[in-house]
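For clarity, chains are labelled A, B and C in written order, and residue numbers in each chain start from 1.
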């Protein structure tokens, strides 16, 4: 791996044809080990690539040695008789801490999404009303939505039992990139999309087989 | 008259697509379109499509009218004196501009397609799952579009759900049994009995619901659960649930009994 | 990165404290880019690691350059404003055989791609505007594009009827391997017919031999 600067200047072509080939094989092995989740044996790889086993083994060893260097945060190890890529254990803490800090996209279960959708379009709305529309019992997801500050209580409704009503919050607008609630697409607009879709689909790619008898 | 020749006739996305193809294939100068010839070819295409029962959208017809209009404008002689004062714009200009505009986007679409070819030849294998906390909700990433789509789905489902008017006086025990069947069909977890009763809007409905519950508990379709003494009473689907509703007999018998 | 052999013998401790630190940072970045599923921006990484942005940027650049070398079968590319690791396209034949989780290819019709192109270049853009350019009624493909999260609603336009506008998403950049929207060629570059005339001014108008409407 010493002549790499030269190789960089003229990729794929090195003075020594051999080392170019080696680099090529090593590159393929790197990609293969990367994409497979289960450890691959040298035999499997050799068979799939149609290459002699000892050549593959040598290249894999070189790959293992390369990734063992400290400037690599990944390692390729022999596990269960095969080769597998993973992050190095010494960086696990750093990676874990990093992943934790990532703000994940707004993710909701289907039940929560349904409830949120009903509240968004019907607010202010009570729990029985939500369950009625969804046709499902159990309002457990309300807590999830309240916890995530996507919905809030909006006073009580003046009917028997004075049930609490719910509305969406400012955080809801932020999460969905809305200036205000009037920006919510209306059902009519949504149905428009669906209707136009049918028009498009009704126009098949090939000529229709069975046209209505045109000129009788 | 489904003709085997059908697929020899190219399909076009729209009139601009067709015009662009005519112009390109014949290497016509876009700034000097022989409008009579192109109009004729365009109409020929429409005619053939009609013969083959290929339905062309209204835009094709509209464009045909536009072409004929341009053609007639080009045939009419202009007063040379008037032209000196206010030279008339070439009647083809607007069409040419639309074609050029459309062509840019069609080529841009091809560029996007090529980019996809490259992206489909590479693979990623992120390992983030190993580093995510286990309590992370795997949920769905949600967009505004999902929100309206979901609401539409919910309403759609409600529309197809048999509706039992529970706030009218007519509600009956069999109605309530059907209602409960509906509730528990997709719900394997326990449901609060209080919630169920609170949803009823009339005394009669509550009584019918109560009788319906007794009936289903007796038939071992539903079971009662209570976590602790004086705790909330829950209702849960039992193994017998499917069997009770499987045939029509049970329901028929109940209907009989209450009518 | 020249003293790596020494470093290998005594990992984590190099003569030059500095280059050891660099190697350490680079290793962590490599692990992070490997792990994450969405392209992360240098800003995000810098913030999460509590490191100065320019230092992170330099290290990421070095990482990108390293993986660009031909002996690597993986590449780290700037996509959607962030960094993303993937296999290199030139090895697709060898790699394909080892990919288990083949995600179904994103099949888009030319109509859908055209609509996507209009949105990419004209965003935020309304349905009537899109249909106008394409000369076709029916924005049905919009629903497909929304479903695949390639486009999103982008607020309403302040004209009569307050129509919804659309924009492309980060997912669009990822799916098409674009660093950002400015990486798209200018629209002018897609003009063929106009340019054709400048070159072939003297092109005689050949007789209309075979218009595409073939013989019936």
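Note that in this section contacts are C-beta pairs under 8 Å (C-beta built on N, C-alpha and C of every residue); 3 or more make two chains touch, one makes a residue touch a chain.
As the structure is a prediction and not an experimental result, all values here were calculated from the model.
Student: Work out the mean Cα position per chain and let me know which chain is farthest from chain A.
Tutor: Between chain A and every other chain, the largest centroid distance is to B.
Student: What chain lies closest to the overall centre, CA atoms only?
Tutor: Located nearest the centre of all protein C-alpha atoms is chain A.
Student: Per the centroid of Cα atoms for each chain, what is the distance between chain B and chain C, given in Å?
Tutor: 28
Student: Between chain A and chain B, what's the gap in Å when you average each chain's C-alpha atoms?
Tutor: Distance between chain centres, rounded to whole Å: 23 Å.
Student: Any idea how many Å lie between the Cα centroids of chain A and chain C?
Tutor: Each chain's C-alpha centroid was found; their separation is 15 Å.
Student: Multi-chain contacts only, two chains or more: what residues does chain A have there?
Tutor: Within chain A, the residues that touch at least two other chains are 34-35, 37, 87, 95, 99, 177-178, 185, 189.
Student: For chain B, which residues are shared contacts with two or more other chains?
Tutor: 9, 51-52, 57, 123, 127-128, 131, 141, 143-145 - these are the residues of chain B that touch more than one other chain.
Student: Quick check on the complex: what are the chain A residues that touch chain B?
Tutor: Going by the criterion above, the answer is residues 34-35, 37, 86-87, 92, 95-96, 99-100, 104-110, 112-114, 116-118, 120-121, 128, 131-139, 160-161, 176-178, 184-187, 189-191, 203, 205-215.
Student: Quick one: which bits of chain A touch chain C in the complex? Just the residue numbers, please.
Tutor: The touching residues are 1, 4, 7-8, 11-12, 20, 22-24, 26-32, 34-37, 40, 48-49, 68-74, 87-88, 90-91, 94-95, 97-99, 101-102, 177-179, 182-183, 185, 189, 193-194, 196-201.
Student: Can you list the residues on chain B that touch chain C in the complex?
Tutor: 3, 5, 8-10, 13-18, 20-31, 34, 37, 41, 44-45, 48-49, 51-52, 57-59, 63, 98-113, 115-116, 118-124, 126-128, 130-131, 141, 143-145
Student: Taking the complex as given, what residues does chain B use to touch chain A?
Tutor: Touching chain A: residues 1-2, 6-7, 9, 11, 50-55, 57, 123, 125, 127-128, 131-133, 136-155, 157-158, 161, 182-183, 186-187, 189, 191-192, 195-196, 198-199, 201 of chain B.
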